[in-house]
Every structure is written in C-alpha cells, then in structure tokens.
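You will see chain A twice below: alongside chain B first, and alongside chain C after that.
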Partner chain A sequence: MTQDEHKEGIGGMFNPTRYGIERVAYWLMRLSGLGLLAYFIAHIYETSNILRGQVGWDEMMQMTQTLEGHIILAIVIGMCVFHTVNGVRVMLGYGGIGVGKPARPDYPYEPASQNYRHKIGIYSSIVLAAAAMMYGLAVMFGE
Partner chain B sequence: MKIHYGTAIAAVALVAVHILMRLTQGFAESLEFESVLANYKFVPYAVMLELILILLSVHGFNGLRVILLELKQGRIYEKAVSYGCVVAMIGLIAYGSRTIIMTNMGMV
Partner chain C sequence: MAQVSSIADEQISTPVSSSKSITLRIARYNPEHDDSSMFMEFTVPCEKWTTVLEAILEVKKYFDHSVAVRYSCRQATCGSCGMIINGKPRLACFTKISELNSDVVTVEPMNNFPIIRDLAVKFERLFDTHQKIKPYLIRDDTEIESDEKEFLQSPKEVEQYIQFANCIKCGLCNSACPTMATDSSFVGPQALAQAYRYVADSRDKGKDSRLKIIDESHGIWRCHFAGSCSQVCPKGVDPAMGIQLLRGYLLGFRS
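Showing the complex of A and B:
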C-alpha cells in the first residue's frame, strides 16, 4: 500500500460517500453516546443542587433555563432519539433480524447485512431525531 | 453485550416515564423547586430515578469503555480503562444516590 492511499487520513474515515450511511451511523452512534454521557453527568450535578434549597435550585435553573441551555437540551433530545432508535436497529441486527439470509458470495460481493432495511432504519432514526428536536424546541420556547 | 443491551432496553422504558412526567405539567412549572421536591419525596418515583441512575451509569460507562478499547489495545491500558470506568460509574451512582436519598428523606 503506497503513501497516497492514506492521503485522506481521518477525514477519509468520516467520508460517507466512500463507506456509506452505515459509517455515518457508526460515528453518530459513538458521538451521540459520548454526548449523552457528558449530559448525564452534568444532569446529575445539576439536580444535586436541590440539596442547596430553594435559593440554590433557582440559581441553577437561572443558569440552565436560557437560550443556550434550551439549544443544548434540544441537541441532547436529538442525540437521545437517534441513539435509541439506531440502538434498536443495531440490537435487531445483532439478533439476526433484517440482515438477510446466508447466501453464496457472488460478485460484486455486497454484504447482505447492509441492505435497504437497515438503511431505512438509519435514515428513520435521523428523521425521528430531527422531529424530536423540533418538538422539544416547541415545548421549551412555547411557554 | 448482554449487559449493554439489557440496560439500554430497561433505561429506554424508564427514561420515557421520566420525560413524560415533565410533560404532564408545563415544562417550566415541572422544574419549579416545590414540584421537583414533591417528585423526589414520592417513593415509587424516587426508586425509578435510582434505577435510571444505575442503568444509565452502567450503560454509559460500559459504552465509554468499549469506545476506548476500540481506540487502543494493551494489557495495562485495557485494565486501566476497565477499572477506571468501574470506579467512575460507582462514583456517579454514589453521588446521584446521595441526592435522591437525602431529598427523599427531607434533608433539604
């Protein structure tokens, strides 16, 4: 393998035109997972402020119930919905559901598991995440 | 993977209830001090919060462990990542449980 074949580097790993929507889903799953873990830790800290009494709680709410806070929460909603729906797709695939039947590998050797069912699952999770973000924004800003 | 998938399925159901509780009242109203305090003092809800805390901590830190083990391998590195994630998970559960227990017992 020559040096030129590596020229895209990490950017090449993200390139969805080379590896398809499955690679996009792989990255989104990990990024949303890390984002949700960060939010979860922050949420545990945020809610612990109730032990400081009404004043402490109200101070924390003033910090989080802002425009930026609502935008971050909308992103968290999107990450949560994508992670959940795509996670269900991954679990079904792990259980052998929707991955196709075993068959003789023939040219052009397309993987049976990367079929239209799972592609629809990935696109659905992205659309549902966007819809949930819109709903979340409507709830948060609709008051 | 069984732990990861099991905690995921259980957490989805419980987190759905947790979010729906925010929507039964107005969003801002549900976050008022008295409302949140009442939630914590309602024992079944406090138990559900504790379950969510444990399930998401196990799921989250196990997921982080898997991502870190995908990036790099090695005997010492893998042990450090696994033990580090377990310690962080226990720490987060302990800190979150402290909030739930103290609020439920009226120590606010």
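Showing the complex of A and C:
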C-alpha cells in the first residue's frame, strides 16, 4: 500500500473491531467463504484418491479419523452453516429487503439499514453455526 | 442601561464547568519530505462542549501553527473536517471530546484518501466519482420551458430521496468502507448513495443511464453490505440502505 494512496489495506478491511456486529459478520463471511473454497479444493483432491483404488481411498479416510481431521471438519461445518444462513440475510438485503424505508432523517440519525432484523439474522447465523459445530463434534467423537 | 450592565454582570459571575486537560495526538506527515507519519502530542485544556476541531485550532494558535487541517463551517455542514478520531472516521467539528470518554484523543488523516499534509486529504477522487453518477436531474424539458411553473412533488415523493440529499460530501463513508480499503477503482458508498438519490427522485428520468454507469466490475457489485458507511455518516444519509435499494432495481426487485 503506497503512502500516496493512503489506503487502509487488507488489515483495515479485515479489522472487525470498530463498526459493530455488521462488520464482524462481513469479516466472518469473507473468512468462511475463503475457508470453504480451500475445503472445496481439498475435497476434490481427497475424493480423487478413489482413483488409487481401495487402499488409497482407505488411507485418505484414515486421515479424517484423526483429532485434527475431526477439528477441521467441525470448522468446515461451522463455516458452511454461517455462510449459508448469513448469505440468505445478505441476499435479501441485496434486493433491498429488510433494509428500512427512506424517511426524513432525525438526529441522532440511527441508520435504518442497520436494524434489529439484520442483527437478529447475524446472531442467529453465529448461534446456528456454533450449534452445528457442537453437534458435529459430538457425532465425530461419539463414534 | 442599568439593566444591560446587570445582565452583563450576571453572565460574568455565572460559573462555568471546571476545565480539564486532554492529550491530543496529531499525526504529522508531509509527503514531499517525510517517509512515514509520526505523532506529536499536545496537552490541551477542554470543557465538556469542546470539539476536536477546537482542540486542534488551540494547538495551531498556541503551540504549532504549521498543523495542516481543513475546516470551514464548524457546524457539520461543509464536509471539510473529516478525519480519523480515536480510530473511527468522524467530523472534527461535530465530535465533542467529552463524548469520546478518553483522556487521549488521537487524530489522523482519513483512510482511503491521499494525504496532502497532516490531517488534510485530497478529495479529487470523491468528487470525480460523485460527478460520474450524474448528480443532477436528467430530463428533456426544463422548469423554464414547461407549462407548469415548477415540477411539483408530493411529500411522499420527497421522502423517497430527501435523506440522501443530506449528503455533505465529507467522505467519512468512503473512509470506513472495507472495499475502498483495498480497491482503488471502486466507485464508493458516497457516489452510490447519490446515484440512488437521483434515481429515486420522481422528477428524474435518468435511471437507466445511471444504472448502466454503476453496473460494472468496480461498481455497485463490490459492495458487500458491511454497513460501516452508514454507521459513520454524520448526516443520517444511510448509504448502505441507498445502495441496497439501488441494487434492487438491477436485480428486478424494484422498477
């Protein structure tokens, strides 16, 4: 980042601490999107091991049965649920649904687009993702 | 006459709240000869009504007149005094030190704007993107030629865009936007909100041409609805709302 442009850069884009839960949701959405993309590529590699026959496939399956494998899968479950539920919220917002109606602004100018419906949507996505991760961990470690 | 002097006496004897001091940290940087910015600290007296701009002007008056800062109206109207105050973009004239709840106030130039010197930043790009979305009514006739003397609107029609007409072009929204933080070509929340302002105006006939301008790779689709623009806007414009409503036209949810 050149001092010339004085852009905040990736650090500023990813800093979730300054603009409320909406910016946290933005940060989680980007992170989970990248994580799912990485998982998608790894998953193609993983399933392509079937070409190595029964032995190759079993070897690969063994890797997912380790502690690290379980934790990674639990994180993938969390990312998947958050990205889906929050994605529905964001898509509705993109269509102008639930973002409030234009009106004459009155001090102290609370932005109508940052309303409780969206906040509930964000908190629900986080809670559902956490619940799905816990369920996944219980299933995997309960085997 | 006697009454006037008694009023004057009364005002002089009215106790004012006790004064305290804060540390004002000002980012100093001159792109012509500095490699990086550094902070200078000043101890400034303040009352509960003292604004950050007044504290900076105090520094200019008594400690260092070379501090570069842009301001004009001192009442959140001209949009000149945007800066990062304790980590967030705010108007210096509209931010009271007492509301920051801190004895240390740090002021820096707005992010995502090139620095001229210290706290003053260049606005060329904001004005260019603002101009790009055609910020005026587009139609074939004019109020001068029309039989009706002026293009009348109902209060309801005015409500569709009036909050977006409040924009003072201060740039705080562009400074808070996470997309602006990395994308030098993004049109930005200020210009997009203004595009909505004109598209929603019942007198305007330029909707299609404006939608065409913003429907490009560094246009409206780069907004991810983080909402930070709306949280920092000092005039209640709520650019995030305008952008989503505008996107509603492109996605076919609105006509």
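Going forward, the second predicted complex is superposed on the first by the 126 of 143 C-alpha atoms of A that agree within 3 Å, B and C clash if a C-alpha of one lies under 4 Å from a C-alpha of the other, contacts with A are read in each partner's own complex, and residues count from 1 in each chain.
Assume a residue touches a chain if its C-beta (ideal position, glycine included) is under 8 Å from a C-beta of that chain, and two chains touch if they have at least 3 such contacts.
Being a predicted model, the structure only gives us computed values, none of them experimental.
Visitor: Return first, second, both or neither, reflecting whether A:41 touches chain B, chain C, both chains, or no partner chain.
Guide: first
Visitor: Once the shared chain is lined up, is A:134 touching chain B (first), chain C (second), both, or neither of them?
Guide: neither
Visitor: Now for A:7: first (chain B), second (chain C), both, or neither, which partner does it touch?
Guide: Second partner only, chain C.
Visitor: Counting only touches as set out at the top, which of chain B and chain C does A:63 meet: first, second, both, neither?
Guide: neither
Visitor: Can A:18 be said to touch chain B (first), chain C (second), both, or neither?
Guide: second
Visitor: Which of the two partners, first being chain B and second being chain C, lies in contact with A:120: first, second, both, or neither?
Guide: Neither: A:120 stays clear of chain B and chain C.
Visitor: Please work out whether A:84 is in contact with chain B alone, chain C alone, both, or neither, and reply first, second, both or neither.
Guide: The answer is first: A:84 touches chain B but not chain C.
Visitor: On chain A, which partner's contacts cover more residues, chain B's or chain C's?
Guide: C
Visitor: Name the contact category of A:104: first (chain B only), second (chain C only), both, or neither.
Guide: second
Visitor: Where on chain A do chain B and chain C both make contact?
Guide: 30, 94
Visitor: For a test of understanding, state which residues of chain A touch chain B in their complex under the given definition.
Guide: 30, 33-34, 36-37, 40-41, 44-45, 47-48, 50-51, 53-54, 57-58, 61, 65, 80, 84, 87, 91, 94, 139-140, 143
Visitor: For a test of understanding, state which residues of chain C touch chain A in their complex under the given definition.
Guide: 29, 31, 36, 87-88, 109, 111-115, 121, 159-164, 166, 176, 178-182, 184, 200, 224-228, 230-238, 240-242, 244-245, 247-248, 251, 253-254
Visitor: Per the contact definition, I'd like the list of chain B residues that touch chain A in the complex.
Guide: Residues in contact with chain A: 1, 5, 8-9, 12, 15, 23, 26-28, 31, 33, 36-37, 40, 53, 56-57, 60-61, 63-64, 67, 92, 95-96, 98-99, 102-103, 107-108.
Visitor: Please name which positions on chain A make contact with chain C in the complex.
Guide: Interface residues on the chain A side: 3-10, 12-14, 18-20, 22-23, 25-26, 29-30, 90, 93-97, 99-100, 102-107, 109, 111-114, 118.
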